[in-house]
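First the structure, in the form of structure tokens, and then the observations on it.
Going by the order they are written in, the chains are A, B, C and D; count residues from 1 in each one.
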Amino acid sequence: MDFSSILSSIYLQMQPLLGQGKTANYIPALRDVDPLQFGMAVTLNNGNFFGIGDYQQGFSIQSISKVFTFTLALRLFEAEIYQRVWREPSGDPFNSLVLLEHEQGIPRNPFINAGAIVVCDSLISHFSKKHHRIADTDDGSKSTAFYEMMQFIQNCTSDASIGFDRQVFESEMKHGFGNLALANLMKSFGNLENDVAAVLKTYFQQCSVVMNVKQLSRSMLYLANNGTDPITGQQFISKQHTKRINSLMLTCGHYDASGDFAFSVGLPGKSGVGGGIVAVVPNKLAVAVYSPALNKNGNSLVGTKALELFSEYTGFSIF
Amino acid sequence: MDFSSILSSIYLQMQPLLGQGKTANYIPALRDVDPLQFGMAVTLNNGNFFGIGDYQQGFSIQSISKVFTFTLALRLFEAEIYQRVWREPSGDPFNSLVLLEHEQGIPRNPFINAGAIVVCDSLISHFSKKHHRIADTDDGSKSTAFYEMMQFIQNCTSDASIGFDRQVFESEMKHGFGNLALANLMKSFGNLENDVAAVLKTYFQQCSVVMNVKQLSRSMLYLANNGTDPITGQQFISKQHTKRINSLMLTCGHYDASGDFAFSVGLPGKSGVGGGIVAVVPNKLAVAVYSPALNKNGNSLVGTKALELFSEYTGFSIF
Amino acid sequence: MDFSSILSSIYLQMQPLLGQGKTANYIPALRDVDPLQFGMAVTLNNGNFFGIGDYQQGFSIQSISKVFTFTLALRLFEAEIYQRVWREPSGDPFNSLVLLEHEQGIPRNPFINAGAIVVCDSLISHFSKKHHRIADTDDGSKSTAFYEMMQFIQNCTSDASIGFDRQVFESEMKHGFGNLALANLMKSFGNLENDVAAVLKTYFQQCSVVMNVKQLSRSMLYLANNGTDPITGQQFISKQHTKRINSLMLTCGHYDASGDFAFSVGLPGKSGVGGGIVAVVPNKLAVAVYSPALNKNGNSLVGTKALELFSEYTGFSIF
Amino acid sequence: MDFSSILSSIYLQMQPLLGQGKTANYIPALRDVDPLQFGMAVTLNNGNFFGIGDYQQGFSIQSISKVFTFTLALRLFEAEIYQRVWREPSGDPFNSLVLLEHEQGIPRNPFINAGAIVVCDSLISHFSKKHHRIADTDDGSKSTAFYEMMQFIQNCTSDASIGFDRQVFESEMKHGFGNLALANLMKSFGNLENDVAAVLKTYFQQCSVVMNVKQLSRSMLYLANNGTDPITGQQFISKQHTKRINSLMLTCGHYDASGDFAFSVGLPGKSGVGGGIVAVVPNKLAVAVYSPALNKNGNSLVGTKALELFSEYTGFSIF
């Protein structure tokens, strides 16, 4: 398949759409990025790479980080995590408190904010026990939960240069009232083990991780290869877990537009308000797009369209 | 793949579970069926068939009928139907009025009751226009919407003997207050074109269609073969539409347990409160199970377990 | 107190407001009345009457009828009715299904539609038993529930000429989908004893009763006099029940603007979408207003303002 | 009227009920108080006082403090406060986030937690401006919002000895996750001007104020006398504002049991989870009860019953 031509064709067709949609407006660091950027990248299981546009432009992966942390949680303590977060679509926006209140502080799935915060909390508990350290103390040492998350993301990408954007992180810390509401509500129901402030600090760090679409498509190859990195041969999770993460991305990966994404793209994927979306074609490849202007559901407007075309041109779909 | 052995093994493992769960209790005709029944059937795209247990036992397909009617609507007036029903998971039980009220009478998807009632209404309008007849008049002639639905189901199954259970139908008519509430609510928002009574009559007829798992697995082969019946060669819908129906079954096919089904089975499927579930392995086969005792989400308890094992033993999953 | 001057002053001040707001638009018979009408009437416990403007203009009392039917139910079977309807403000619009679904078909209070439908149903059951007749058969005889309701309303008003508007009634019957949804939902929860159609017929009849503000203020004097008509001396209900009805009018009499009415008028009252509002000054008088253009909460816009002024000028308030 | 006999009679009849209900369990300082306590006090507008049982036992007034702070806000900046909090019953429990989310961070009324937090925030802003000081700095000086609140409460009671319970305050600070969720949610909607932590500190201080029923009944006399303390002659608020506070207590003073309290007691009142309830008979008296075991709605179980009897024996009711 001629991926170069396909990407070129998509790139051209996206040009008239650039300028539509709006960047995330809740923090200046996201609001003020150039909304006209567009990059797209494909990494095949055999290692071949194809990129176009701003494919080397780093951006804040935001909610896409939830895939990495849920992978870690599944690997380390699957049974436990199922006690604290469900795996059903929520039918509500990503930050809704309504269902959370009705359902006694148990989030619908790990890909809405509340669920990801619970996953983050469980990882903090796990690593603080493992390293015999006080939970949440950020002493710069290499034993924090966030350090472990970064290690894992770098491993998945085979790229130790990946870091996080301190400005985005601090901006999130300063304006994260909605997430503070979610976290405190769960704490009031007993579904948060560590201090709310410590959990949110780690959570905002993970959201501030910076990648470009080249790295992002590379990092998700394990989900296109039954849990094992097809290039390094390193197994991150089991085949069974891989299926579960992919199914969760399909049913819950795009907030209350998940059904629409499944309907029109037909691939497991995850989006972030930074403007990135990554999708997986099982046994074949991972594809990532970046364009920071969002549609009304909070997903990259151009990114969504680009993936629809990608699915149409390649015929790739899990259905 | 040795499907006979696989079905035999599943059959044995299901025996201890028979007796768990409860039959649907809202109408006597469903409540009083023998809860210990279990049948399972696989039909391959090449026509080979494998069945076990009560695979020849007819049962009321109930919500599984929604797949057939949505297929018809997509084929006949795709653009129109998207105006009247969304394609997002609802996160609520199958009969919830809450979202319907918040969202001005537009159902979340065609596989919850409200959505299927809208699809039914749209088919009544369509066929009454086509046949130049008064909508909803059930004069026994061959031009009603339900007659067309039956024709389509018989076509998909290559079996003209399929009919519906009058006792179940009359029981639904007598006790269908929840659906009357949904239909009247949509009527009050202007999202129902025909008389509420006429629409529900047709809707309850479609729910009362009787099939066995052999017929059911046969009837869904077109969804395992890009819209074309692999045996007769007849094309029912386009490849694109097939993907959309499959994605909708995955995200919305099992009410508020859809995420769980995707997570544990990993195949597009649709369940009914009569105890049937059908699932599709794209490009390969369709599989159907029947066991009338339901779990707390209203899906066949043993049927769900049997499909989990089927996915595990065959390795079939779309993820 | 010089009620004539007070009414004159209010009348003048209301003139500039006529034309604001909108008549109820869900049925033509209400939508098409002249929106510029305004009438106001005060009847004192001593029988003195003061009226101004269109005080002899009949209008559909709509939800105000709920006060009469709840009075009847309290008198006839208090204990029973408390099993089937609560007495809490709902915080939701008058026709909401949300709380009704969450709360298993038990309406919040008898002054929202769902609650009034339950009261109507209970009266139908009561009178059909009493008269040894088949419930809901409308054979024109003098033994239907609606006949008893009319008798009671005429008694309260000492006026046998009060009737109902057949055109409004038929219009309600034709367009009452929202109420059909409510009634069917309650039926599905087992909180409706009679046929949905029969209950709604009686309910729409009660809503179509026609009174003018003179009659309306006269009819509610029993609530300003501890349950006994101060003019005829006839006791309709006990002192205790009177307090309960008055408290219910204060907390729930104006849908989701009840708090605002208590806040700004400070009197127990009940409004209807026909444009009428009646309020009670315990131990003194009843006052009624009519102006068919409604504010956004579905209460008479000018009527609400007029009662605010009345409370201000007279100093009457229960607080 | 022989209030001594009435209180004695109520006291006797309450004895068998002591032991029912449960103390508030969310903080140890409230949970561990003796549940068998019962005190009741009446203070007449002429200054006469009647007390029985544990009428000198101090307790945490909790939500009753909301009456004082809303009085202050009405007096100081009425127009402003109406922009930030409504005056409608919520129909939901005192700490619900659901309506708050649907309604963009504007609480339903000032007597649910969210509303009282907004009032607290507005007072902090007001006093920090007035005193030319940094908002929320708790430097022990006499210019904090809480200092002003205490002054006001002491003024209303004519008792400078009233203080607050540091242990309860610290316990609330430590366990106040639900209120942190509410406050952060409002902050995310822009309806909180000061730092969340500072607002909640002041809010928890006001909730921890300690009074006995003698003081409590004394402190609310201004609401029984059109805004003016009948003993000292000091005017706290206007007659108009008094009516509004009383109407708000009636419609919203007891969370989602407000309708029931109006129905069975028929007096404006306010309860707190510490076990206190205060009610007002306009132009006559204020009455307070204390018994820390709560019913399922979070109101004093014995206190509610005692006030029902008080209303019955005295015949006092606003209806």
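Just so we're on the same page, a contact is a pair of C-beta atoms (placed from the backbone, for glycine too) under 8 Å apart; a residue touches a chain by one contact, two chains touch by 3 or more.
This structure is a prediction, so every number in the text was calculated from the model and none was measured.
In this entry, chain C maps onto chain D through a rotation of 180 degrees when their C-alpha atoms are superposed, rounded to the nearest 5. One finds 33 Å separating the Cα centroids of chain C and chain D. With centres set at the average Cα position, the gap from chain B to chain D is 55 Å.
Centre-to-centre separation of chain A and chain D, using mean CA positions: 46 Å. Chain contacts: chain C has no residue touching two or more partner chains.
Under the contact rule stated at the top, the pairs of chains that touch are A-B, A-D, B-C, C-D. Listing the residues of chain A that touch chain B in their complex gives 86-92, 99, 108-109, 242-244, 246-248, 250-252, 256-260, 262-264, 266, 268, 282, 317-319. On the side of chain D, the complex with chain A involves touching residues 96-98, 101-102, 177-178, 180-182, 184-185, 187-188, 196.
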